[in-house]
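Before anything else, here is the set of structures, which you'll find just below.
In what follows, subunit A forms one complex with subunit B and a second complex with subunit C.
The block that comes next holds the complex of A and B.
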C-alpha cells in the first residue's frame, strides 16, 4: 500500500537535528515563566475581586487605609517586645475577619512568606554561633573549638535562649507586616489606593506612571502567557542552550515592541482627550464619619502598643 | 535581593528612603526633558517592561531556573534615569500587589535595585563599549555590566543587613533586626551572586542587548546617547 503521509512530514526538520545533538535541558524554564505570568494575572484579578466587596474594611477610604498602613507598619518596625507583636497579630486577624476574606487562602500565603523570610532565613541566628548565650538545646559537640580566619565555631553547637527570642521576634514582625500589607491590598482597589498617595505629596505624574504601569503589566502578562503557552505546546523533549537564548531574547524583544505599540496608542488616545503633558488626578470622595472613627481607633491602638 | 519588612532598622530604611525620594525627583526632571509630553505613557511602559523582564526564566545548572533583576538591561535600553524610575515603579507594584519586598524597605530596595544597579550597569557598559557596535564586544560589555552591577548591588544589600547588629541592637546585645553581621551577610550574599545569580543576570542582559542590536539598534539608549555625543 502506498504511503499517503506527505513527504514534508517524513523529512527530519532542523530542530530535530538540533535536538538530537542537544545537551539534556528540561523545559522547566518555560513552565516557570508561564507560572509567573499566570500568577501576576491571577493576583490582579483576585485583588480586584476582593476589593470590590461591600464589607466594612472595603468601605473605608483608601486615604485612611494608607495612613493606617504606614502608621502601623512603622509601629511594627519600632516595637521590640513579643507581647506587643502578638497583640498586633491578633488585631490584624480580627480586621481580616471583618473584611470577610477567605482567611484560609490569605493566611496560607502570609504564612508562606513569613515562614521563608522570617523563619528559614533567620533560623541559623538561633544557634550560639551567631547569637551567643545559654544553650537550651545542644545539637552537636565537636572535639575542640575551630578557628578559621575571622570565624570561630564553638565546641558545643546548639540553640540559645537569646537566639530563639531573636528569631521569634523577627518572625512576628515579618508576619505582622506582611499580613497588614495583604489586608490593605485585598480590600482596596489598586488604582484608588495609588491615588491616595496624593495626600503624602507624591506628584501626580509619578502616580499616573504607576497606574499606567499596573494596567500595562496586566496586558503584557496576558501576552506572555499566550506566547509561552503556544511555544510550550509546540516543543517537546530537550532543547539546545543556544536555542533557549534565542527563544528568550526573541520573546523579550517581542514584548518590548508590543509595549511600544501600546504606549504609542495610549499617548495618542491621551492627546486626543486634551493631554498636553500635565496630569491632574481627580480627588476621591470625601471622608465619612466611619473613616474618622476608624482612624481614631487605629491611632489609639498604636499609642497603646507603644506604651505597653 | 528584595528586602522584606523586619530586616532593616528605622536608622537604615528612613535615610535610604530619603535618598530614593531625592533621586526620584531629579530623575523625573531629567526624563521630562528627554521625552517631553510623552514621558508619562513612556515611563509607564518602561516600568511594565521592567516588571515583565523579571518574569523570564533561564535554565541554570542543577535543573532549576533563575530570573534576572533586569535593571542592567533596562538601563542600557532606556537610559539610567528612565530605568531608575521604571524599576522603582516595578518594585513599588511588586511590594504592594505581590508582597515581594517590604513596605518599610521600599526605599532600600529601590536604592539598591533602581538607583545603584542601573547607574553602575549603564556606565560599565559605556566604558567597555565606548563607540563600537561590534556584536561580540557589545555582548561582552552587556554581560559584564549585568554581572558586576548585580554582584555589587547584592554586596550593598548585604552591607545594609550586616550593619544592623552594629547600629540597632537591644541593650543586652541581642539583635532586633537582621541578626547577621557583616562577616556572615557579605560572604553569604556575595558567593551566591558571584557564582550563580550574577551569571544569570549577565547572560540575560547580553542576549537581550544582542537581540536588540541585531534587530533594531536605534532602540538602544546607550548607543543613541553615544551617537549624540560624537
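The block that comes next holds the complex of A and C.
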C-alpha cells in the first residue's frame, strides 16, 4: 500500500497576505454559552477539591450532614422571629469559617440567590395592596381608591411595616436555607452525599441513576468545550452567523447520538459485571464519635432556637 | 505440562456459524467458528472495524447473533437461557470483560465503588469484597485514587481502574478488548506480565489486538479476523507470525517508509517481527 499524498500538501501553506486581510470571526454568543459550560465543569472540580480538604466540617459523615440539613431547614421554616433567624445566619457563617472556604466567593453566590428568590420575588408582598397595615414608605398616591370585584386599590400605595417584616423574614429564611445547602455542597463530595440518601430509604437503583446523570453532565460539558475548541481552531475568515448555527446544531445532534451510544455501552458494562436489574451500592463508613457529637450540637442548637 | 492440559481440556467457550450485522444491514461477523479451551490464551487479531469487539460482546452474551450458536461450558447461551438466574449468574461470575474504552466501563460514583460493584452484585460478603478491592488497588499502585470520582481520572488511570474493577470479580475467563490501549509503556509491560501470570494460574484469556508484537510477547493461539468479517486462519502465534505472505494479504503488515539518520527507505512493517531491512 503506497501513500499518494495530494500535491497541494507538498506546497507551502496559505498566503500570509490573504490571512492578514481576513476578517476576524465573531463567536461571542458561542463564547459565552460554551465558556459557561466550561466554568460549570471547573466549579465541579473546585467543589470536589474543597470536599477533600481535611477540615472539621469536611470530615463529618454525609449521613449526619444530610440529617442536619433536613433538621435545620425545618427549624428555619418553623421559627418566625427575626432574632432567631439572625442567630442561625451567624451560626452558619461560623460553620463556613470553620470549613475554611472562600467566604467572599461563596457568599456572593448565596446573596445573589437570596436576593432574587427571597427579596425581588417577594418584595410586592410588602405593599399595602397585599399586606394591609401602617404605611411607612409611600410610593404613589392616586386620586381615589379603586374597587373592582373583591379587590381594592387604596389611595396611597406604599410599603407597610407588617409587609416589610414578612419580606425580611422570608429573605432571612431563604438566605439561611441557601447558605446551609451551599455549606453542604461545598464540603461534601457529591457521590458520597448522594449515597447518604440511602438512610432515607431511597433505592440504590435510583441513586445510581442520579450518579450516572451527574457523571454525564460532566462528560457532556467537557465534550461541548472540546467541540468549541475544535471549532475555534478550524474556523477562520468571515462566516455567517447562520452557518455557525448550522454547525453548532449539527454538533449538538452528534453529541446526543454519541451519548446514546455511550449509554448503551455503559449498560453492557454493567451487565457484564453482574447487573441483573437491581443495583447494590456499597454503604458508607461507620459513624465516628465526632459525628455523634456534631449531631448532638446541631440538635441542641435547634431546640435552643425554638425556645428562644 | 500446560500444553498437554490445554489439549485435553474441554471447550469452555464455543461459537458455531455466528453471523451478526448492525441494524440488519452492516455486516460485522460472518460465519464465525471458534472454540476456546479452559486455561487457554486466545488472541483475535484484525484491522479496525473487522468485528473484534463485536465478537467479544457476543462471547460475553451482551448481544446475540443473528444466526449461529454460542456455548458456554457446553450449554447454549441464548436470551432465554440467560433469564435462568443461576445460569446467568454463573456466566457473569465466570467472565470478566475489560472494554477498550474505559470511559464507558466506569459508571460508579467513586473508584472504590467501581471495584466493589461486581463483587456486590455477585453477593460476595462485604468484608471480603472490601479486602479484595483494597488489595487490587495496592497491587495496581492506585490506592491514592480510592475515593476519587471516576470522571476526574486521567485516561491511563481510567484504564487501570477499569482493569481493577474486573479483577475484583476474580473471573475464570478474562475478555480484553485491546489490552494495551491508553496505557503508558511501563504499565503496558506490567499488564503483559500480569496476563501471563494469570494465564499460568489457569485463567482463560481471550483478547483482541492489531499489534503483532503483543502476540509475540504472549504467544497465544491466534484467530485472524479479516476485513471481510470472517476468521480466515487460526494457529499458534509462531504459525501466524511466520506466515508473512498471509499477514500481508490481510493487511496486518504493510510496506512503509522511514528514516535511519538521513537515509529514507521503504520496507514491510510491523513493529516487532517484520521490522527487517
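Worth a mention:
Quick note on the criterion: the second predicted complex is superposed on the first by the 238 of 308 C-alpha atoms of A that agree within 3 Å, B and C clash if a C-alpha of one lies under 4 Å from a C-alpha of the other, contacts with A are read in each partner's own complex, and residues count from 1 in each chain.
One rule holds for everything that comes next: a contact is a pair of C-beta atoms (placed from the backbone, for glycine too) under 8 Å apart; a residue touches a chain by one contact, two chains touch by 3 or more.
All values reported here derive from a predicted model rather than from experimental measurement.
By the touch criterion defined above, A:105 lies against neither subunit B nor subunit C after alignment on the C-alpha atoms of chain A. Of the two partner chains, subunit B is the only one that A:169 touches; subunit C does not reach it. In the superposed model, A:59 lies in contact with neither subunit B nor subunit C. Contacts of A:212 after superposition: both subunit B and subunit C are touched. After overlaying the two complexes on the shared chain, residue contacts for A:134 are found with neither subunit B nor subunit C. For subunit A, the partner with contacts to more residues, out of subunit B and subunit C, is B. By the document's definition of touching, of the two partners only subunit C reaches A:189; subunit B does not. Contact with neither subunit B nor subunit C is seen for A:83 once the two complexes are overlaid on the shared chain.
Contacts of A:73 after superposition: subunit B is touched, whereas subunit C is not reached.
Counting contacts as defined above, subunit A residues 190, 208, 211-212, 215, 262, 266, 270-271, 275-276, 279 meet subunit B in one complex and subunit C in the other. Note for the complex: subunit A touches subunit C at residues 1-3, 45, 48, 52, 189-192, 194-195, 208, 211-212, 215, 218-219, 262, 265-266, 268-276, 279-283. Looking at the complex, you find that subunit B touches subunit A at residues 4-7, 9-10, 13, 24, 28, 36-45, 47-49, 51-53, 55-59, 63-65, 67, 77, 85-86, 89-90, 92-93, 95-99, 102-104, 170, 172, 174-180, 183-184, 203-204, 207-208, 210-212, 215, 219. In the complex of the two chains, the subunit C residues touching subunit A come out as 57, 60, 62-63, 85, 88-89, 92-93, 95-97, 99, 101, 103-110, 112-113, 116-118, 120-122, 126, 129-130, 147, 149-152, 165-166, 169, 251, 254-255, 257.
Those residues of subunit A whose C-beta lies close enough to touch subunit B in the complex are 25-26, 28-30, 32-33, 36-37, 39-40, 43-44, 47, 69-70, 73-74, 76-78, 80, 109, 113, 117-118, 122, 125, 130-131, 150-151, 162, 165-167, 169-170, 173-174, 177-178, 181-182, 185, 190, 193, 203, 205-206, 208-217, 220-221, 224, 244-246, 248-253, 255-256, 259-260, 262-263, 266-267, 270-271, 275-277, 279.
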